[in-house]
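Chain naming follows the written order as A, B, C and D, and within any one chain the residues start at number 1.
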């Protein structure tokens, strides 16, 4: 087997993760990471059925041994000399929107672990393999972090989510500065709005059919980031529906 | 003649403006505005020679009667019911990098006029025609402003440039909030680095062949902004070479 | 007459300007600049009646000859070797909150002239005299710019105000970087809310007696900025009522 | 014993923490928290010797049971109905400035725990007692977080420090928005430069005697924040030496 060049997506669910996996599967075998296999099983079948290549691995991105095991399985699948052309960190812990003094320590810590430690573990696992890809990949290898409104705004009642998202944005900036000159393109996307997924089907209906962000639109923007040449790297984009108030 | 759908670029020179004109000429007739016809004459010939359609109009973007005259000529050329699919404001006045107390009032005012008043006049001239395009254009009509490092940082000695660039960034944000819900996509691009044009040929050579921003890369990113659907509008991107220190 | 050390406030009205003049008059003779003498006449009498020293000069801060005339009068009053311990730029043009396409060029340009050109002219007039004060003033000489919510947010319909405020913020940052090392303390204050003045007496009453910013509180914060030593300069503060939504 | 009104400082060392403790001891009994008693023993003696009142408690601010034990001891000392007039979070874990791929998980996690979890635990412990103080304290009760350059910039090689500092800044903004309307003044100070303490004695000597931030200057600014009335709350200030490049 010649050396494989793959895409890895952490935090695959119904929205951004799935759309990104579909988009990047047009050029790369894709690995879908999520804690719950229900989040990727149908997607993996769909991509494989459409002539692409995909595998799913149940992974707790905030746990170093789980992350290690996942990348060991990826090596089993793609050979020891595989490289990563694109790594997308799309994980977010569920969080509690509630008055600060009602938060338990666990409610504060768990989303922070998924966001900040998860982003750290995912970056440490993928960056050596992204660096390996610089000479092999048509496009500069990409490490893309999915952010949110809460990545740039600490709203009242949102501290359990926002602290981790600010931490990830910070990490992405440090990594962009360190790894850009080494040829890895590190980006951060502020997704500012509600994504159009089954769970949000009934939301914002009064604002019309375009009030929610299309996950495919996000995937197209991630693909654009991925295809930017070394002379023209974007660190950050924001993305929102035309009708969004901001 | 059926109603035309065109692109208008203000501030066409050797770099971003020319690359954007070439890129957008693949789908639209393009109008190139610059004070000095030398800045667009060859480009207009080139585009027309390659099967595209381009015209150039000598325009002082900071002068309302000059802007009015330019759009009157555009109407003469494309018919009274033309619309604008993409308007790119890429103008910048020359500026003096010098100690603040050595700046003359004119040295402070002129680049501010080009940036802030120019952006105002260009936006007022194009927005009605961009709004007209919402039902005709395949892609949401786009109004894109070219920014710089100085759009987000007021460095010492750079006040004559930065004040206007901050003003333009502010204007672009106000317009994005007002016109996004009406279907016009307003964006701002922070071009953070030196653009690779004949004038900068000898700059940054020690940093290698990719130390300067490719104008074509910028044009590709503007095109990506233009093709984003209404569910997925980006207001701001930053663009810099992989090797840039920031 | 020994060399005078004075404070100059541009944009004296019922709120911040008057409170700052009163506060700084405890240590310095104060010069109040405003276009309309009604804005400072009573204040000047009040300060002089309370044992302080104040003069008012009718000045159009956006007009270079008017600014020149004002500083000539200050020289007549305080002697040719006077210095400035504190210069506060508090001017804002009235502006039209309206849809962008309904703005006249004058409605856009006039507040921009007051903010951006006014700040430029005021800074050029005061900085040489602030530099002169570095060896004479107990506290590092201060140049303070009053900003607003619109200094950091370009809201829809607010472009005629925000563009100038962003420009001033940018200028203040460039000047802080250039003149800090020379001993002049340049600051910018984001006043984020409604100031409690006669004109706003009936506003926000349902939010209680503390829903509006006290001009005296702003003046106290400006005084604190003025008294910071060279080891501890603040460029920017934000100020808002405890109950403000932001 | 009548109900006590105290100040609590987490992260007392040679610089900011000690200066803040001295400053606030002029009005309040102060509690000094640090892991290592060497960091506060002399200070506590000094304050008590100068007619103030201080106690020190060895505390691991990133550990909930240690924090709980500390506040239990504070209750033993000051009575069950004490309130907090000022709580200052000044803790920072030591961190490794090194290439990202050389960081161990522990090197990344430990400073994040001190910053983000520490700020969470300290805020949860102090906010109920700050809320209690709103009717008793002359000045609005204050919760102040000490930030750094790394609170707003994710530099290369600094990710193990910056991620936690961004998280704390985010938390401080969420808390300012939630607790401001309840009368607690939450602030964040960006300390942008080297603080003048014994450990940094030899640093930056070529830039002159004022190249380092005076901890007393920081304490004066924190005191100013504390004394701001409810009409005039500042969330954020930046502080740096006049000569600092930024």
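The rule is short, and it goes like this: a residue touches a chain if its C-beta (ideal position, glycine included) is under 8 Å from a C-beta of that chain, and two chains touch if they have at least 3 such contacts.
What you are looking at is a predicted structure, and each value in this text was computed from that prediction instead of being measured.
Shared contact partners of chain A and chain D do not exist in this assembly.
In a homomeric contact, the two copies may use the same or different surfaces; for chain A and chain B, over half of the interface residue numbers are shared, pointing to the same surface.
Per-chain CA centroids place chain B at a distance of 34 Å from chain C. Here the CA centre of chain A is 46 Å from the CA centre of chain C. In this assembly, the C-alpha centroid of chain A lies 32 Å from the C-alpha centroid of chain B.
Residue positions of chain C touching 2 or more other chains: 177.
Of all residues in chain A, only 64, 99-101, 103, 105, 108-109, 112, 116-117, 120-121, 123-124, 127-128, 153-159, 162-175, 177-179 touch chain D in the complex they form. Those residues of chain B that touch chain A in the complex are listed here as 140, 177, 180-181, 183, 185, 196, 210, 212-214, 217-218, 220-221, 224, 228-246.
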